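Before we start, here is the structure in question, set down as structure tokens.
Which chain is which? They are A, B, C, D and E, in the order written, and residues in each are numbered from 1.
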Amino acid sequence: MSNQAQNISPVSVPLAAKKKSKENSVWRRLLKNKLALVGMIIIAIMVIFSVFAPLIATHPPNAMDLANSLSEPGVDGHILGTDNYGRDLFSRIIYGTQISLIVGIFAIGLGGMIGTLLGLVAGYYGGKWDAIIMRLMDGLFAFPFILLSIALMTVLGAGLFNVILAIGVANIPGFARIVRGQVLAVKEEEYIEVTRSLGANHSRIIFHHILPNCMAPIIVYATMNVAGAIISEAALSFLGLGVQPPTASWGSILKDGKDFLVLSPHMATFSGLAILLSVLGFNLFGDGLRDALDPKMKV
Amino acid sequence: MLRLILRRLVDLIPTLLVVATTVFIITRMIPGDPAAVLLGPQASPDEIAKMRESLGLNQPMYLQYIDFLGSLLQGDLGTSLGYHQPVLSLILERFPNTLLLSVCALAIALLIGIPAGIISATKQYSAWDYTVMILSLVGVSMPIFWLGVMLVLYFSVHLGWLPATGMGSLSEGFGSVITHLVLPSIALSTIPMATFARITRSSMLEVIRQDYIKTARAKGLREFFVVWKHALKNAMTPLLTVMGMQISSMLGGAVLTETIFSWPGMGRLVVDAIENRDFVVVQGTVLFIAVIFVLINLLVDILYTVVNPRVNLSNKGEG
Amino acid sequence: MSETILQVNNIKKYFPVKDSSLFAKPAKFVKAVDDVSFEVKKGETLGIVGESGCGKSTLARLIMQLIRSTSGSVIFNGQDLASLSEQELKKARKSIQMIFQNPYASLDPRKTVEQLVMEPLVIHQVGTHQERVQKVQELLEVVGLSDYHATRYPHEFSGGQRQRINIARALALHPDVVICDESVSALDVSIQAQVINLLKELQAKFDLTYIFISHDLNVVRYISDRIAVMYLGRVVEMGTYEEIYHNPQHPYTRALLSAVPKESPLVKKERMILTGDVPSPMNPPSGCHFHKRCPYATDRCKTETPALELFEGQHLVSCHLLGDIS
Amino acid sequence: GGQSSAPAQDGKGTGQEQAAAGEPKDGGVLKIGLSSTAKTLDPIAYTGAYESNIIRSIGDTLVRYSGDLSKIEPSLATEWKVSDDMKVYTFKLRDNVYFQPGKYQDGRKMTAEDVKYSLERSSKQSALKRLRGVQSVEVISENEVALHLEQPNAALLAMLTDGGNIVVPREEVEGWGDQFGQHLIGTGPFQMDKFNQDDSVALKRADKYWGPKPHLDGVEFKFITDANMMTNALRSGDIDVVTDVKGQNRAVIEKDQNLNLQTKPGLSIEYMGLNQNEGPTKDKKVREAIRMAVDVEGLVKGVFKWGGAEKSYLPLPKASWGYDSSLEASVPAFDPQKAKQLLAEGGYPDGFKTELYVIASRVPQATIAAQQLKDNLNIDAEIKTVEWGTFSDVVAKGKAPLYIMGWSWYPDPDFFLYQMFHSKQIGSLGNGYGYNNPEVDKLLDRATAETTDEAKRKEMYGQVMKMINDDVVHVELGLLDVATGMKKYVEDYQVRADSSIFLVNEETNVWLNK
Amino acid sequence: MSFDLRQGETIGIVGESGSGKSVTSTAILGLIPSPPGKIERGSIVFEGKDLTKLSQDEMRKIRGNEISMIFQDPMTSLNPVFTVGNQIIEVIRLHQQVNKKEARTRAIEMLKLVGIPEPEKRLEQYPHEFSGGMRQRVMIAIALACNPKLLIADEPTTALDVTVQAQILELMKKLQVDLKTSIIMITHDLGVVWESCQKVLVMYAGNTVEYANVEDLYQNPLHPYTWGLLDSQIKSDTVGKLPSIPGNPPDLRNEIAGCYFAPRCAYAQEKCFTERPPLVEVSLEHMVACHFQTADHRLKREGGEASE
């Protein structure tokens, strides 16, 4: 094709710029989507809360004042009232953001990653692989979450990491199933065969073509499950697997608040609202991201 | 079809073997001596030792494992350490209760979630759509215990319409079971309901753009039938997948719901058993649940062929 | 023109039919391609026509080694492609490229044009990234797209433009043979003309060999040097385009030719309308596959499979009634 | 606070109420909520206090505690005597006692053979050894049995009050086999009607009950595991009585016009165990420092915001006859300054890091205690919340540096002090801190072997508690109340310190005033 | 755009993909999804009634009954999850007061009419068990089940093979004769128009650019776009470089001031880019929208074949 060369105008756009422009376009699309923007703002606020908790919190999160426990919101400078130990609820929710965010994001990230990988392999290779992986997933799904968690704790000891691990592992089968279903559809697409005809190997086909085209349901499923992960964290801390008192997390505040639901509902309400807001944020962001990643969606 | 069912049942064997082995290992690995837990805080060390012996816990691990597999092969799930009853009968006593609760919750979730999703999709970007979507997010982030207590406070304590907890019994009449069923089913249905609404919406949005929907309209069909007959059946496939997953986790024991409403189901059985280190019951229930899951997946796969005649079962999942 | 570049020998592809009943014998097959042989010379265009489902795409896939043949061989530049290792095959693939039927489905919707066209270069690790970008620019130029198209996504293009992207991608590795599987069938007439012109131009420029699959006889005739007519997995007639168009021998070829719509509202055209559909390849009629729809069929056609025989020149026909039909 | 209204709520108070409410009425079914599921009611197999409460309505033991737990009273045995060597207990049996009819017998008369069978079954087969140290049971005559002990045991009668030692008919036990736990037959005021696994147990009046005729037609025990739901169920009318009322539910019940909360100090204590053999707490100075640094008063108030507990001083509940309030003064008061100093003397002027084991339901105690240790001594006690199985494993093996747990059993001090402080109990949960003091051991042994006289025994136990106090084994935390909520129309319901439920006996006969 | 159609007549609408053919036809049935689409102005008069003014309910009675439609792609136009029989019976029972059995009999008749063998058996099958040609016949059966007065065929043969296409066109012709149905035939294949239409409407980018009798259009096409279209058809005797229209259809989302075709038109002048040409009748029943093709001015057609 060298004989063509003289006709060709020099490459006008430098490469780096072009790459950027593509990423930019996803970003721009996200920013254009009002709901996604709301979602991002919520997430951004949470990130700010978790990073700057000491600056934002009005009280030390663990300072007890047993005489003034469960005081109403607004009383004595406690914006959201106090908890059952007289600790400032607002400050605890602010401090709790970090744990809850980390658990929500990383647990789903972990489960999502492994589940997606397994689903990709099962769906793409089919046959024996499919049967083995999916039946294993059935088995894993059958394991009670609590049993799984206690077992993990025994092997690895307690800690935040293991909360993430336990919740993550419990989320694997769901992702695997969703991804597998999607792969079964996508792998029949003609462009997959085209790629094969170009000489691409399996991993390129899987990761460069099938995976990007499976992202939409993965994102939606992941963002929907963040709430579950945040709530599960509380359940786990009661089994000794994970975040221990007095460390604050939304889930544990919520769970503690349960015992005062009738007389002092503010504990459960505000922590529940925090979870709800974050879920809203993640879902709006997730939906927006899904649309932004889909070049076909007009924003 | 028959072949598929048989193959799946054969598949079950290795699954169960893996599950059985894993659950065996895990139950032996976690701290907490069944004998000690069973005997309670007041037990003395030699009583515990005696108990261990009588439970066969002092045998070498491999012998216990062989024993376990051996009786499993004969369909014997063993005898509960705490209940002193055959595990299978414990499970079979509770499974119908869990089934009843799950089916009701599922029905509620479907009856509300799917129409909500459909209306949302047919009126995309309307106030309706936003309402349904926001509510569904509230639904997934609503902790069951919170919702359960609120429902009971309002409907049982405040209004006195419905019983707060328990399952009632058929001997008090069918109505007794029904009234006991209402609140737990509602509590249990929120998450699936929200999920169904979202899935239905996105899947309907896809379907409603298809040519055959245009065809149906061109026939002069009422919009109602276009949506509920022509579109819905086509939108069912992803819904079925999610439904299968939701049913699976419900039948595996809606632990929280059962605990809050004191519903005598599988979930409580298994959690109790774990806490009491009743390994035999844990093993039995986990295996049982595994079987149920595989069967539900199979059922879902069969349902695929019902809603979608194009799906060829024998190719699905094995091709 | 005389050097044979690609040779297909007695190739067969039987797809086993999965039966859902438990006790059925697994002996059922779709004979998608049933004993097809031909050779293609360097620089020539071989057209393949036939109805939907007659095995054209399967044949293309067999040549591309995207599916394994049941029997027979594909010899490319003297190499039997089926015997090659994974690595050697990957090398060979540089030389044979395919442009797929559906310009809408054959482009990954989540890749930009640049990524799509660059993909073969990446897969075969040709050049540095900078060189690849340069190359993509050239290729887009060649197929008549501008460089600002490079960052766009497939859905932003018309069918014709997409097919150009496909062509650019197929040309990226300087192939010797390009298989066009109904590459223009999905396009509008005016776009179709653009693409065909482009293909012809490129052929002249790069000395390409085409296997051009289509069901549109006018298009095939226009672009091809030789034409093979397929019916239900078999080649029923093959020859130069004059031979096929001006002296069609097989009744099916004639039906095909007569089915082409009128070219003017002024003429009255007597059309030979075939009855019935293409029979299922799973359950093909005995003897000559065409006999059920053939107005001339005799008893012999029902029982005996006709062989592909030389009629005259390069003209091969598979019909018992060869020469008997006027 | 429920405590302030105490006078009307102890055993005698109910008697006055009954008078005020008028003549008892017959009829109705009393529904009682229990906070845990009954798995089996077989006296030798059951494990939970909840189960024993059901068993008590179905069957009778030879003897029972009086309502205020002050003394042992006759039940199936009308009188008994102890041999001088304290190794033979002879019981005279009531004569008009009949079993409830069942599948394998039709309500026949109870005999001495039945007593022998039941007690031997309990002593030999019971998993929980509810009848320890009984060598054999001898049928002396038609209405007389003798228990032969391996060694003297002054706590035998207390053990005999346990629901695990009710008298059951052999035919039914053997007939039902494993299923007997769901088809318990006894001699009590109510007989089994329906056993709904995990849901409820329904009993109906037994016609041939030897005691006063029950006013109630039946009782239903409902299992409601969630404490808040239990209260809701009471308020909505699902049940008439809730046991084990805690936390906010106390206030909720007190506020409700239709409900009554009866509360009294119970037989449950809570304490923090200090490891005697490992870690910094090996040093007595450190232990003393810790004890002085915990503001128990504040802790109890903080945890029990709505009442239901008081500060505990001794490792024995006040409801036990062994309790000696004169010892309270010897327990040092909260004194952070002194504590800090002691800790410095112990070699940890800047505190140390340690772990505090606890189960989920006692996390509030742990949270406050840990915070106080941090604030007052700069000890970083990392809270380890674990579920019961793990907790009992870690603690029994002596691996918990600090742990918070509770203890409750019969009123006889033996069941507290021996279990928690005898070196023989090292390796079990009771003595999880590995306390070993030969003098204490000796005293504890003597207290059951030398005499059955309560006054003498009380003195010995007093000495034991003094030594324990000096050795700093526990930080005593709370002494918990037994609180029961009920509908106002429930009459003559006796709340007992051991939280056992007797619906019908010589002292009480519950009826519904509606 | 405007055109009129008499009973038993067939009009062809030609134009490239995206030129608005389908929108026009669905507009007649009142099926433009709204939002986003909406009929800006104008009227559609069917047997004296203005369809744009009818209520949804009235419109529903007309759809599938008096006016029915066959869509472009038989592969996707049948609902995959219902049997073919179900889909035919549905439309019959919708518009005719018949019971299930009668509807079934009628459905079998219809399948027979469109030439599907063993209709009783075929009724129970699902669309995916049919070949493309058969599916299109089923679509025709559905469309004709209620003897409509007007049939709109939106590219009924585009997705089909030549031999099957010929069969379908033949079938439609035959049915039109039998049932006296008027047909609007939408296509981008001029061959199909020559084959089956009396009148033809050429559309470009949503606008009518030319409207004439078929013979007239063939012999005397006026609009440059029509020329391009005619030229780029490959015929049995085409050799050499194919004449093709350069460029691509415009993006209608953007405002375009002048003639939509101007950017691709070899004859375009300044005026073409600023002013939209109206559709005018330049000779009897021959209308064209071009500034330079008027009653008294003609362009000289270059290249391609002269048809005078």
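Note that in this section a contact is a pair of C-beta atoms (placed from the backbone, for glycine too) under 8 Å apart; a residue touches a chain by one contact, two chains touch by 3 or more.
Computed from a predicted structure; not experimentally measured.
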#### Entry: Any chain that touches chain E and chain A
B, C
### Task
Return the chains common to the contact lists of chain D and chain E.
B
### Message
Of the chain pairs A-C and B-E, which one is connected by the greater count of C-beta contacts?
### Response
A-C
### Task
Report the chain whose mean Cα position is at the greatest distance from that of chain E.
D
## Note on the structure
Looking at Cα centroids only, farthest away from chain C lies chain D
### Query
When the C-alpha atoms of chain A and chain D are each averaged to a single point, how far apart are the two points in Å?
47
#### Entry: Centre-of-Cα separation between chain D and chain C, whole angstrom
88
### Message
So the centre of each chain is just the mean of its C-alpha atoms; given that, what is the distance between chain B and chain C in Å?
### Response
52
### Whole-Å gap between the CA centroids of chain B and chain D
38
### Task
Note the residues in chain B that touch 2 or more other chains, in rising order.
30-31, 145, 149, 153, 274, 319
### Task
Give the residues of chain A that touch two or more other chains, as numbers and ranges in rising order.
150, 258, 261-262
### Query
What part of chain A is in contact with chain C in the complex they form?
1, 4-5, 7-9, 11-13, 15, 18, 21-22, 189-191, 193-200, 204, 209, 212-213, 293-296
### Query
Tell me, which parts of chain E touch chain C in their complex?
16-18, 117, 131-134, 160-167, 169-170, 188-195, 214-215, 218-219, 228-229, 231-236, 238-239, 241-246, 248-249
#### Entry: Residue ranges of chain E in contact with chain B within the complex
26, 29, 31, 60-65, 68-69, 71-73, 76-82, 90-91, 94-95, 126, 128, 139, 142
### Task
Could you please specify the touching residues of chain B with respect to chain A in the complex?
11-12, 14-15, 18-19, 22-23, 26-27, 29-31, 134, 137-138, 140-143, 145-146, 149, 153, 191, 195, 198, 202, 238, 241, 245, 248-249, 252-253, 255, 270-271, 274, 282, 285-287, 289-290, 292-294, 297, 316-319
#### Entry: In the complex with chain B, residue positions of chain D that touch it
37, 39-40, 42, 45, 47, 127-129, 178-179, 181, 194, 196-200, 222-226, 228-230, 232-233, 235-238, 387-390, 392-394, 396, 405, 407, 409, 415, 419, 424-425, 427-430
